[in-house]
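Chain lettering (A, B, C, D, E and F) follows the sequence in which the chains are written, and residue indices restart at 1 in each chain.
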Amino acid sequence: MPNHNKIAIYPGSFDPITFGHLDIIRRASLLFDTVIVSVARNRQKKPLFDEHEREEMIRRCVSDLPGVEVDSFHGLLVDYARQKGAAAVIRGLRAVSDFEYEFQMALVNRKIDENLITVFLMTHDKYSYLNSTIVKELVSLGGDVGCFVPTHVKERLNEKLRKK
Amino acid sequence: MPNHNKIAIYPGSFDPITFGHLDIIRRASLLFDTVIVSVARNRQKKPLFDEHEREEMIRRCVSDLPGVEVDSFHGLLVDYARQKGAAAVIRGLRAVSDFEYEFQMALVNRKIDENLITVFLMTHDKYSYLNSTIVKELVSLGGDVGCFVPTHVKERLNEKLRKK
Amino acid sequence: MPNHNKIAIYPGSFDPITFGHLDIIRRASLLFDTVIVSVARNRQKKPLFDEHEREEMIRRCVSDLPGVEVDSFHGLLVDYARQKGAAAVIRGLRAVSDFEYEFQMALVNRKIDENLITVFLMTHDKYSYLNSTIVKELVSLGGDVGCFVPTHVKERLNEKLRKK
Amino acid sequence: MPNHNKIAIYPGSFDPITFGHLDIIRRASLLFDTVIVSVARNRQKKPLFDEHEREEMIRRCVSDLPGVEVDSFHGLLVDYARQKGAAAVIRGLRAVSDFEYEFQMALVNRKIDENLITVFLMTHDKYSYLNSTIVKELVSLGGDVGCFVPTHVKERLNEKLRKK
Amino acid sequence: MPNHNKIAIYPGSFDPITFGHLDIIRRASLLFDTVIVSVARNRQKKPLFDEHEREEMIRRCVSDLPGVEVDSFHGLLVDYARQKGAAAVIRGLRAVSDFEYEFQMALVNRKIDENLITVFLMTHDKYSYLNSTIVKELVSLGGDVGCFVPTHVKERLNEKLRKK
Amino acid sequence: MPNHNKIAIYPGSFDPITFGHLDIIRRASLLFDTVIVSVARNRQKKPLFDEHEREEMIRRCVSDLPGVEVDSFHGLLVDYARQKGAAAVIRGLRAVSDFEYEFQMALVNRKIDENLITVFLMTHDKYSYLNSTIVKELVSLGGDVGCFVPTHVKERLNEKLRKK
């Protein structure tokens, strides 16, 4: 019964993780036996948090969710997914602009590996406007992001962005 | 281990089923233990095929797909899903206009039942332009729809729409 | 000081009024001295509630909002606005598809009367998926719409749509 | 030199023709040797003007444009185009919602006949909000549509829609 | 009567101001008693004109509009609006892509301060394609932007971008 | 007979050329007597391939297409088009986001030169997800892009991006 341990990968920058991401992870964990939340290591982009910090913040958030693992990867997502034995890649959708980009990437990934299925989950409407870039911008302008990210993430953001 | 038999519902009009729907069903069957393809019985809309014809055409198409069942329902999708013990509702996405409507329905359903998860799968790019309405329009204009629907569906369409 | 009594018109079908509409009305009443919520009488469309029922339901909802009046109109919106001495027309925006249609109508109205200003307000994210059509569909399928419309509207919907 | 007489078809409902359509026709006539403006005869839709009226109104508008012919067709557009020896089908684009539908139809037509090329031209920004449905609605509400359609079309609209 | 002096803020980069911005400012000045056009001072972005130049160019454009003031701000827009006693924030909308971003920011701002109302005004169709980035690009390529910006702005652009 | 040699320009970055571009070029060559594929020399953007490399790669791809020339340009597209005697500018459309940007540029160009016509052609659905940026990203992550670009382009990409 090879189908019984269904593995899904939820890749992303998670720079840092927000309540919007956590909503997707919680829902994905109800659909799949194992959900691997995996930080994309991308040499070109300069993240605010390095991959170890990002992984650690995710780990603190998902420790009570059964079947959720945290990892990081570089290279092609389809290669990583194959190596992990994943049946699906999870992506969150919030708005039309997300949709276009995500659709394009899903089509490219399908072209490279016909067997990898991209599964789109909808972000809760109360997080529909939320992304990591906006959270960082708000912190750097002096805003309180306590309703967008967990407390320990908020503290890390304040440390990083309000030093000056 | 109640999670192990994961059931998903793929609701729709399927008036009639197309290769685009079949692509979604095949992929959904790789992710879930049971996929119930369920014809929506809607008194307001006047379908070309009645629900029995639509169910029968779907059955001929999915007979070789393990774990795929065919059914019909009326009333609220969330009530039907709860009654079937479904963890997820499957919807196919093709274009931005799909996305807006589907997103809206998924948010309404989430509002009514927080536990029901809508899962969006992407239609294969080669069927991205395809829907049942266009297929019916092509047939009624004298076009050959053999590359859009299975042969037995094409024959039923020709019978219905070219009688005059 | 002719500018001091700023009048805005919020036209719509309101068939029936929802919490989404009420959110827009409340916000508009903070920006303008007078807000006229005006039911469009359209001979072509067949509303569920006639204009008197729709006006009455709106009246019950806005009785505590200072400066909000309820009316109905037929003919061109720009003619009605001019006759009322309105400086602005209020429209709610929820999604991209709204935006396109609303933008088109606002451009047409601007072409007919350069002085009439269309003001777009954003529907609260928790009502972003909500419209009167979905509410009616949910009621006719047996759903509870108590989180989408006021109680007295819900009761009227149940009377109208569940008679059979 | 079979390529030298390039024929393009501009199909549509033209119920009735507007300044937006005329802008597209004029531009198309600069790109192609022959442009056939062709009224789609569609049994399902109930037009305001019958096909003879629509053709006649178009003829009055394009009489001074060299290489522009007026015709009507029924059945599949790709069959009609092939029969006319057309290299291209012209479609006007105004907004995102146009784009999605037009794109879908162009992909379907390409699937049926790989050699037929759909050419999209952009409507002038001053007509970006304009379509035949809005023009008819304005007339029926008592509006003056002299800036949207030629005088003879406006007169025909007034006759048809203000009789009652 | 605390509501009688209604203040609105129109924030932006204005790098530099265009006829599209001026159209929005003129319309906003008809709706609100005071409109504060406010240059966002953003350390991360590198503007072509510094904030003093940008404010000065705006001042020259709006000197004849009653109730219009020019200012600059840094930090959170909602904090600035509260400090100014503003009831509304004005944003111009041109296209679908604008809409998505603006909507997201308006939802974030509403989350931070429920009382601040974002008011969207539509840019005139003849400026629907216009933004400061395109104007700068045209100038640097040698184009004449006299139909997009006032003469004194055009001169400043030519000085800055054609020095080499 | 001034209309007989119809010239169209297909401008772009082509960094590098993909099968999506080639599909557009092939179709454009069926509509126009001469198609000039022209590499935009843009000092601001840092391309992976310099203009000579980009031109050379295009030349190898289009050598068998009659009437197709390869060139490069800098400055305003409308000036270049006028100088070449072009009647049209060709642009490929794939998705809604393309559409918005392309539409904006076409309106700007129309404003600058009313006589220059932008012609949009649709990219084949099997290349709808494809652009040069994604191709470069895939190569740098170790992916095989043989189904997205011609072999000689793939080799150049591997040389450039896998040196380290």
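Quick note on the criterion: a residue touches a chain if its C-beta (ideal position, glycine included) is under 8 Å from a C-beta of that chain, and two chains touch if they have at least 3 such contacts.
Since the structure is predicted, the reported quantities are computational estimates derived from the model, not experimental observations.
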Checklist line | Rotation, 0 to 180 degrees and nearest 5, that superposes chain A on copy chain F via CA atoms | finding: 120
Next item on the list: Same or different, please, for the chain B to chain C contact, judged on whether over half of the interface numbers appear on both copies.
Entry: different
Next item on the list: Compare the CA centroid of chain B with every other chain's and tell me the farthest one.
Entry: E
Next item on the list: Tell me, please, which chain's centre (mean of its C-alpha atoms) is farthest from the centre of chain A?
Entry: D
Checklist line | Averaged-CA centre spacing for the pair chain E and chain A, given as whole angstrom | finding: 34
Notebook entry, point to check: If you average the CA atoms of chain A and of chain C, how many Å lie between those two points?
Noted result: 39
Next item on the list: Would you please write down the residue numbers of chain C that are in contact with two or more other chains?
Entry: 96-97, 100, 103, 107, 125, 128-129
Notebook entry, point to check: Name the touching chain pairs, would you?
Noted result: A-B, A-C, A-E, A-F, B-C, B-D, B-F, C-D, C-E, D-E, D-F, E-F
Checklist line | Residues of chain B that touch chain A when the two form their complex | finding: 3-4, 6, 27, 30-31, 33, 87-88, 93, 96, 99-100, 103, 106-107, 110, 117-122, 124-125
Checklist line | Footprint of chain C on chain B - complex, ascending | finding: 74-76, 78-79, 96-97, 100-101, 103-105, 107-108, 111-112
Next item on the list: Could you please specify the touching residues of chain B with respect to chain D in the complex?
Entry: 95-97, 128-130, 134, 138, 141-144, 147
Next item on the list: In the complex, go through chain A and note every residue touching chain C.
Entry: 96, 125-126, 128-129
